[in-house]
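Below are two complexes that have chain A in common, paired first with chain B and then with chain C.
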Partner chain A sequence: MAEAAVSFPLTTAREGQRRAAAREARIAWLLAAPALVLITLFIILPVVAVVVLGFTDFELGYDEFRFVGFENYAELLSDRGFRISLWNTMVYAASVTPFSILIGLGVALLIEGETRGRAFFRTVYFLPVASLLVAMATVWQYMLHPSIGPVNMVLAFFGIAGPNWLGSSDTVIPSLALIGIWQSAGFNMVLFLAGLTAIPRELYAAAEVDGARSGLDRFRLVTWPMLGPTTLFVVVISVINSVKVFETVKTLTEGGPNKASEVLLFTIYQEGFVYLRVGYASAMTVIFLAILVVLMFLQYRVLDRQVHYS
Partner chain B sequence: MSVLSLDGITKSFGGNAILKGVSLEANPGEFIALVGPSGCGKSTLLRIVAGLDHADGGTITLAGRDLSGLAAADRNVAMVFQSYALYPHLTAAENISVPLAMRRLSSWQRLPGIGPLLPGQKEIRRGIRREVEAMASSLKINHLLDRKPGQMSGGQRQRVALARAMVRHPALFLMDEPLSNLDANLRVHARGEIVDLHRKSGVPALYVTHDQSEALSMADRVAVMIGGQLLQLATPQTIYDDPAHIEVARFIGQPRVNLLPAKAGSDGLVRFGDIVLSVAGLMPGNEVTIGIRPEFVHLGQIGGLAAVIERLEFQGSDVTAFARLAAIGETMVLKLSPAEARHLSNGQPVHLVMQPQKALVFAKDGKRLPAQAEMAQVAGAFHG
Partner chain C sequence: MNGHSLSPARLLRFALLSFGVLIFAAPYIFMISTAGKSQSEIFSSSLSLIPQTWSYGANIAKAFTRVSMPALLLNGAIVCALILFFQVLVAIPCAYATAKLKFRAARAMMALVMLGLLVPIHATALPLYVAFDRLSVLNSYFALVAPFSISVFAIFLFLQFFRALPDDLIHAARLDGMSEASIVARVIVPNAWPAVTAFSIFSVVAHWNDLFWPLIVVTNQTYATPPLGLLYFRAAEAGDDYGALMAATLIITLPLVLAFLLAQKRFIEGITMTGLKG
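So, the complex of A and B:
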């Protein structure tokens, strides 16, 4: 080996380098292959299938289908039910996102500031996230029951006639939003807690020495800006999760009363799995995905520059 | 006369005594370095003076004002942190202006959106901006004012942190190892700069470091803290020449002091090798430790202590030699000139001669004992 290297030092070295690079590239592809295959199979292909199906009148059970162009989308525009469910989803997301974030942040700050019982409170607030929502929905149904529910009984004690929370079209979305907040505040809290522990203690010391007298001053000077990346992530996750609301609607209201609680995912489910209009449901899914992509894009493009400071 | 005085500061964490009654006084404009091994309580002491931690006992007085019970924000004390602790979302100019804005603008005036609409704040903000720029130009960081900490080098961040501390003309500077995150070349350069800046400010400074050369080179007086106690507070020269405690002698000095066990004889004199010391207040048989700095141990031709060279370290201007004493097996450290060391090699037998008048004697509890060198019975030949 040594003799060969001496007699052909340049060519062998260059050849060896080239061969090593080629081998490395081959191994890289080999290692990436499982992930590539799985992503294609389970993410890219289904999305492509949905987009394609959205241009057809395919119905489950029928063998034949034909391409109908943008007919499904045209129908969506004039579909009052779809417009209601779009609006309901927006109202739901617009109420769940800010409140679940504020409550999550507030609870995280309280837990971070307290040394005793930290694990206990963290667990308690995280329970709604860990518990099965479908199972917990029955508890909520009982809680919000118009006549035997504890919520209305407490209200009655103060002489207030409580509404039929889940049965009236005025209160059904706020009631579902309340459940949504209850469920996601704990999740946001855990994310904020992680963000809080990453803030260097010396920054708080510096803020105190610099004259940040009150906790609010220190929150404004250190905590809030330093939580920026966490908050961005929490906002994105919260918006996506609230736009994806389905379980509570399906188990508690079935979209009722009179479509007052129909949300996007529930409408898609109805069209696709109840009426079996897969083509139409696919078109809705495309709209749904487009909304999510636009939201994520906006959040990352607009906010990302303001929360990373290097 | 003293501007800052600490009196009997105690602190313990969970039953662990970190500070065991520390007292010190700082004169106007004085630079005091708190030095000690890690865990000696020096950083805790600094945080207590800053108001970031609360002492269990003792009082702190700054410019005639009792600081106990005052929040850090109300103490008029500035602090420079090891990590600089700059706010990463703010530019250098904004970072430097924080201490001024916090004091001069109300909570409403600082609110984004609403603040700039309130009356009177524009004039204040303009004043702050002027002072920030003046401070920046005195530190030569004007070109950095619009940059965020993430876009600056370590040395630049350190200057911004200094500017933030100095901009509001505090009554006291606290510095917690401000140079330890810089690379070695920059560190030596920054020492001089900090000393110059401090001299211009005219207020006392407490400077925490674990680096003895930093403490000795920068400070007017050095406070050596070990195990939660302030063992000695004196000028660098005194700390080095006249350590009050064996731990001070051990901690200060590079290469470190030679410590040798000895016993008072029946005549009350302490003998070690050639040297004879009369030590006040010693009973025959008392055990003591003799300390001698490496530069006061020389190579002799005859007599002295027989030893064998174990290792030689070339340091540039001098050579550190390690020699094992034949009699007791202890290793002595010598600081030699390269000329003296030229003919030495590992394993070579040598004779070590100590300068008796430079010997330090410590009692069993570590306290320094006054000692007088007696005439040596056997004359050793000295170099230098």
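So, the complex of A and C:
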């Protein structure tokens, strides 16, 4: 009897708890439902579709299509245009990444060491990040114009005959890379500035006590190792962003001259949305996605390391 | 570390920084200068920055007549505002549920978000385009906004922010008899304001500048966003009338640059905090 009297409120309490938990779960589902539906609709299903489409010969405008297995991928292997496009993307990424990082780091170090005008310098170097790239690319086109562009006029002043920057196949990728570096260095600078502020001052004092007298010694012994995680992170972000280059190419060169500036996203755009060869373009997209996955995987690894450092 | 005296090292630093500033600001300087020059002056190959004949009025007028600038800017504002509105509206409740409520899908939700971060619009564009084409919704605000109504990155960012909020805050609100919906609206959102501001800036900058998706789903000027409008303008000008072209770029670049100059600190915070997404 006494036992029952004790257990009765206990079970109702447990019952109540379970009900509260069930209610909480129900509300949680409700709150998360719109996001879940939209993620399924706009991310999961399209990614599945793009993989499936990559195995078909689907073309927009034709209702019928058939599965062709790995035919699209086989075609990609022998497609000279696609190979050029992959190569150009690599060259672009390999030029933009190191320079935008070196300039970003250099400017960050200079600004960090300076007490005056810091905000001004930071603003100017960051301005390109906040500007409309299509518009600024147009300005660069004017600046790099072979005859009336200021760049070649300055070169002519020193007696150098400037090249036809965006118009010749030898200089088009370097020119686009130049714009890419100009556009992204400020972003890297801000990331490095954040990394620099996080370095404890005492480390510099300690290094000095240990005999690191020159600025270069301090950089080598303290700054560079402490910036390690930031640097790795900036490298991965820069590579990912430069693999996604599209705006400048579409605005300025349309892949030309003579395919010399075809890059991955531009080729996908061209095949899929201009020639409407959706199946073939989907196979290209899968390759693009695979490259991103590898890079992002690296980024997660880097982020993991960053956590351990701090 | 002797920051106040003018040592040679400091002079060198100043010189380097100023030289860099000249190069980084050069496109802006030439944009403003060329927007005020007449066609003949531009082709006279002089390096003078100040226009001899003041042609700002003529060039800006040309920019306005060839393409409807107000419509472009308005489209940009509408699209960015709609995208941001839906992103925040969808992401906040989801992030709150995942961070603070117990339900079985919370872990799966995390995995989904991490996976979603891998997928840019470039990867989903083809099937979405085919679907939108079948539904005949191309050339509409819907087509421009819908794929971005969900931002897994927003969920990711808010999730981390919400986790840091103390549970007691929510318990207290529950004891006061608040519903979960009003807890989200009146307790969580006000506390998450820094994260929301940072995300807003990131989102607006990203979508104001985006060319890829508008280029795909919009084929007429009615729904063109600023970058797309500028492409149309370039096509109409055959890329030769640099005065008008620079005036157009100036008008289109100005809104975001002004916003940046007015709220630099927030901008830099927003873009770097969120830029980690890449």
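Rule of thumb we're sticking to: the second predicted complex is superposed on the first by the 252 of 310 C-alpha atoms of A that agree within 3 Å, B and C clash if a C-alpha of one lies under 4 Å from a C-alpha of the other, contacts with A are read in each partner's own complex, and residues count from 1 in each chain.
One rule holds for everything that comes next: a contact is a pair of C-beta atoms (placed from the backbone, for glycine too) under 8 Å apart; a residue touches a chain by one contact, two chains touch by 3 or more.
As the structure is a prediction and not an experimental result, all values here were calculated from the model.
Student: Looking at the overlay, does A:Tyr275 come into contact with chain B only (first), chain C only (second), both, or neither?
Tutor: Neither chain B nor chain C is touched by A:Tyr275.
Student: What's your read, chain B or chain C touching more residues of chain A?
Tutor: C
Student: Tell me the contact category for A:Trp87 with respect to chain B and chain C: first, second, both or neither.
Tutor: Neither chain B nor chain C is touched by A:Trp87.
Student: Looking at A:Arg213 after the superposition, I want to know if it touches chain B, chain C, both of them or none. Which is it: first, second, both, neither?
Tutor: In the superposed model, A:Arg213 contacts chain B only, not chain C.
Student: Of the partners chain B and chain C, which touch A:Phe67 in the superposed model: first, second, both, neither?
Tutor: neither
Student: Residues of chain A that sit at the chain B interface in one complex and at the chain C interface in the other, please.
Tutor: After superposing on chain A, no chain A residue contacts both chain B and chain C.
Student: Taking the complex as given, what residues does chain A use to touch chain C?
Tutor: These residues of chain A touch chain C: 21, 24-25, 27-29, 31-32, 34-36, 38-39, 42-43, 45-47, 49-50, 53, 60, 103, 106-107, 110-111, 113-115, 117, 119, 121-136, 138-143, 145, 147-148, 150, 153-154, 157, 182, 185-187, 190-191, 194, 215, 233, 236-237, 240-241, 244, 246-247, 250-251, 265, 268-269, 272-273, 278, 281-282, 285, 288-289, 292-293, 296, 299.
Student: Name, in rising order, each residue of chain A that touches chain B in their complex.
Tutor: It comes out as residues 200, 202-203, 205-214, 216-217, 220-222, 225-226, 228, 309-310.
Student: In the complex, go through chain B and note every residue touching chain A.
Tutor: 47, 50-52, 71-74, 77-79, 81-83, 85-90, 98-99, 102-103, 107, 110, 148-151, 164
Student: Can you list the chain C residues touching chain A in their complex?
Tutor: 3-4, 9-10, 13-14, 16-17, 20-21, 23-28, 30-31, 34, 42-43, 45, 47, 89-91, 93-94, 96-98, 101-106, 109, 112, 115-120, 122-130, 133, 146-147, 149-150, 152, 155, 180, 184, 205, 208-209, 211-212, 215-216, 226-227, 230-231, 234, 239, 242, 245-246, 248-249, 252-253, 256-257, 259-261, 264, 267-268, 271-272, 275-276, 278
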